[in-house]
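In what follows, chain A forms one complex with chain B and a second complex with chain C.
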Partner chain A sequence: MNSLIAAISLSDPTIRRMLMGTVLIGLTASVIGVFSFLRKKSLVGDAISHAILPGVALAYMFTETKSTWVLMIGALIAGWLATQLMDGLSRTTRLKPDSVVAIVLSIFFSIGLVLISWIQGNGADSQSGLSDFLFGKIAAISSDDIVLFAIVGSFLLVLLILKYRAFYFVAFNQEYMKVRGYSIRWNDLLISTASILAIAMGIQAVGVVLMSALLIIPVASARMLTFRIIPLLVLSGCFGITGAIGGAFGSTLGDNMPTGPWVIVVLFAITVVTFCIRAFRERTPKNPSPETKNT
Partner chain B sequence: MENNCISVKGLRVSYHQQLALDTVSVDIPCGKITGIIGPNGSGKTTFLKAILGLISAQQGKVLFLGKPLDEARDEIAYVPQRESVDWDFPASVRDIVSMGRLNPKKWWQKVSAEDRRIIDSAIRQVDLTEFQHRQIGQLSGGQQQRVFLARALAQEASVILMDEPFVGVDMASQEAILNVLQELRNTGRSIVIIHHDLSTVATYFDYVLLMNNRLVKAGPTKEVLQPEVLSQAYGSSIFFQTNTAE
Partner chain C sequence: MSNWLIDTWFVLVTAILVAIPASLLGVFLMMRRMVMVGDAISHAVLPGIVVAYLITDSRDSFPMLTGAAIMGVLTTIFIDFLNSRIRIQQDAAIGTAFTFLFAVGVLLIAFFAGNNTDLDQDCVLYGDLEMTFLDQRIVGGYLIGTGAMLQLIPINVLVVLVLLIAYRPLTVWAFNPDFGKLLGLKIRGWQLLVMTLVSLHAVFSFESVGAIMVVGMLILPAATAYLISDKIRRVFIYSVCIGILGCIVGFLAAMALNVSIAPTIVAICGVFFVITWLFKLFTRAYPSKINRTSDFGNATIDNSLTDI
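For the complex of A and B:
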């Protein structure tokens, strides 16, 4: 409990770093996640987050460093290969998207697990801490990481500010947009690259297993409250930040507590609240006449 | 100068090695409401999607207003089948109409004051002003179709292609949509509509394309709506239906 109080008082530079890191991760993931949600590709985010594990492991094996930008490049390549493989399988076979996602997710994830256990068993670095990538360890974030996250996060947010209308409308009505002259493939490539980067940002702090939840749960909760795109983006961003901060602080409650599950627990609480608000709103008439009931 | 809004030469489309459309060559005149009719599975939607490049054709050449598709995109508005759209999508009527003002050539997709004025007037023209902030799923079938029509208006397109706009729409709403379409035609726009209800063909369309995996006949409505012509597409059972049409 003392550690939680220390965390909330922000006296410790590690805690401040942690806070900045989680805010950047939470905001980026939850805002990019809006478009995965709109494109009905929530599970693809899950597949990507699992699929980047072998990329991270290989990047570590080849460079023997754990610097975040190296691991992110590994993650980007693996995530990108996974999306291409999913696209290719859907196009060339008659497999339905859910099967394709399930296949790619499990194959990449198991390769990643095999590689990680091999690295650790090999004695190359038994303290590599690579297994933290599974469930996340917020304390692993360094000052360099914060700079990197700030750069990647702002790049992605600027991209969204410029292009969100195109992304939004392609998600709604691809054929109309294609006739208008928008390249659907280019659009897909931009969004999937953005999703991979957002997920890769969170691998150390939140972990690959649960990172996709940070993409989807905030927007799903926001959707309970609004159907307009701007409020959806803003609310989703706020929920993402809250989840990430709550998770980071929650995980300081005990030694060796993973951050990822804590983030999801906080997001779940937000979902419950938004669900209740929606249920309450639906029960109340739209224009209630003023009541003059006195107790 | 160009009298044909769409001119198709030798269009041939196959799906999984099965011929869906056999060498269609046809000119669709400008400034008219043209109907594409034919039995189920006769390649009407395939034809429309193929000329718009949404599915790839084996061969064929298509010109819109005398220009290839890529040079004419701004002038073409496509209205997909209502069933193909997710009506639970988080968007308001106004959001959808604003799609008409998108500019694919620009990186920053912002809405200018001029765009806003055009969007307002498009919504007004289809009589949806009071519903403009509603979520699109909370509209009737006819209103949803009008949203798409307003999007085409906001785009200021001169050629509007609609896939089955009257399906699941009651007669009163059909008339309302038709009135807007007729106004548009009178201001020189060309409208092409896939339609399956033969009983309304005579009143809705100026020009008709009759298809049955090939072009059976194209011409003014009266010429196509003859029992001997229709039977080439629908078989002899059609005589029963044409009687009710006339």
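For the complex of A and C:
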């Protein structure tokens, strides 16, 4: 309990760093997640976050460093390969979208686990950090990582603002987009690259298994309160930040406490609250909430 | 036969006992577009297992397994609830439900089983297939198998029996629920039955292959079989064969490379899938995207039409 009080008072520089890291991750992931949510491709994010693992393991094997920059490049390549494989499978076979997601997820993730157990079995000395990727440990974050997160995060947000129209059309009206002369394939690739970057960034904090929650739950909560895209982005970002802060404080409760699960529990609590707000609004006839479609 | 050989043989049999029901159930999940629900179940049994473990303080007790299996079925209901009542779209409902339940499970481990090596975060991921042979059961002086094997045999028998007895209604449910409704089938009942089997299987295989590898064993053999054949009966048979073959090859590969067995088996199944896919791709045995609306059977006809 003392550690929690110490955390809230922000006296410890480690806690400050941790908090900044999670907030950056939460913000970026939840804003980028809006677009995969709108395209009903939320679970693709789940597959990508699993698929990043072999990239991270290979990057570590080749460079023998655990620098976040290097691991992130490995993650980017693996995530990109995974999206290409998903794309190829859904274009050339009759497998349904959910099968394609599950196939890519399990192939990449199992290869990643094999590589990690190979690294561990063959006596590389400082391998312990790699398994942190599975459940996330934000406490191990360095100030270099924060700089990297800030750069990638702001790059993604600027990209989002600049390409807002294109992203909007990819999500809502691809036919119109084609007529207007935007390249769907190119913008699709841009969005998936953006989500891979956001996921690769967040893996450190919440881990492979739970990363998809950061992409999905904030948007799902925000969607209960609004049906317009700008408020959706803003609300989703706010929820992401709230979850991140809650998670960072939660993980200071114990010595061996993982960050990711706390973030998710806080996010789920936000979902419950937003649901109650919507239910209350719908009961008040003066201010009816927009009709949300049940899909 | 030396002891080492018996031990490794047990591990292989355990893996195969996980693979057989998974590759059969996977076909249904694939056809009903519920693979990710299966993935969600395999994650969500974790809090059930942890709670039951904390109450009973043992890993192989019957109440623990029932508790976790109920948890698996509750997950399906929870997803359904999020989707229809809270009105979160399907994919996000799955993502919300399983990440939340998994997070609760991991937190429970961190809070209550922190010093306990028997139930840690790693076993969630890798399982401990290598360790299953330590728990040997000896009846009347004869070694009859390991604890994991004895747990897995009933679920194998159950899945195969259900499939044999209810083959017609299950396939109708899997391929054409509307037609099934017309015939007077209780669609929700059959769905619940398959989901119960999936959760039972997830719980039983949790110990040996870990929660995360279950989805690979569910989808990869089934999807490979579906690429090879258009006949439902053959899809089931091929799926089981591929699952078993994947276990054998994966097991040998893991032994040779000295890596964990469970992920290697799934990776080998993935290799089988990719080889089949590439083979199909280059021999052009596939119809173009336009003709892909039908489920089974029309593949060859469509192909000849597009070739003309």
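We take it that the second predicted complex is superposed on the first by the 284 of 295 C-alpha atoms of A that agree within 3 Å, B and C clash if a C-alpha of one lies under 4 Å from a C-alpha of the other, contacts with A are read in each partner's own complex, and residues count from 1 in each chain.
We adopt the following convention: contacts are C-beta pairs under 8 Å (C-beta built on N, C-alpha and C of every residue); 3 or more make two chains touch, one makes a residue touch a chain.
Computed from a predicted model, the values in this text were never measured in an experiment.
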State whether A:Leu113 touches chain B only (first), chain C only (second), both chains, or neither. second
Report for A:Lys178: first if it touches chain B alone, second if chain C alone, otherwise both or neither. first
Quick one: classify A:Phe275 as touching chain B (first), chain C (second), both or neither. second
Touching A:Ala198 in the superposition: chain B (first), chain C (second), both, neither? neither
Pick one for A:Phe227: touches chain B only (first), chain C only (second), both, or neither. first
Looking at chain A, which partner touches more of its residues: chain C or chain B? C
Please work out whether A:Arg165 is in contact with chain B alone, chain C alone, both, or neither, and reply first, second, both or neither. first
Please work out whether A:Leu148 is in contact with chain B alone, chain C alone, both, or neither, and reply first, second, both or neither. neither
After the superposition on A, what does A:Leu24 contact: first (chain B), second (chain C), both or neither? neither
Those residues of chain A which chain B touches in one complex and chain C touches in the other: 40, 223
Given the complex, residues on chain B that touch chain A span 49, 52-54, 70, 73-74, 76-80, 84-86, 89-92, 95-96, 99, 102, 104-105, 107-109, 135, 151, 155
Under the touch definition given earlier, write down the residues of chain C that touch chain A in their complex. 30, 33-36, 38-39, 43, 83-84, 86-96, 99-100, 102-104, 106-107, 110-111, 114, 121-122, 125-126, 212-213, 215-216, 218-220, 223, 226-227, 257-260, 263-264, 266-267, 270, 273-274, 277, 280-281, 286-287, 289, 292, 299
Which of the residues in chain A end up touching chain C in this complex? 37, 40-43, 45-46, 89, 91-99, 101-103, 105-107, 109-114, 117-118, 121-122, 131, 134-135, 209-210, 212-213, 215-217, 219-220, 223-224, 254, 256-258, 260-262, 264-265, 268, 271, 275, 292, 294-295
Per the touch rule above, chain A residues touching chain B in the complex are 38, 40, 162-166, 168-169, 171-173, 175-182, 223, 226-229, 232
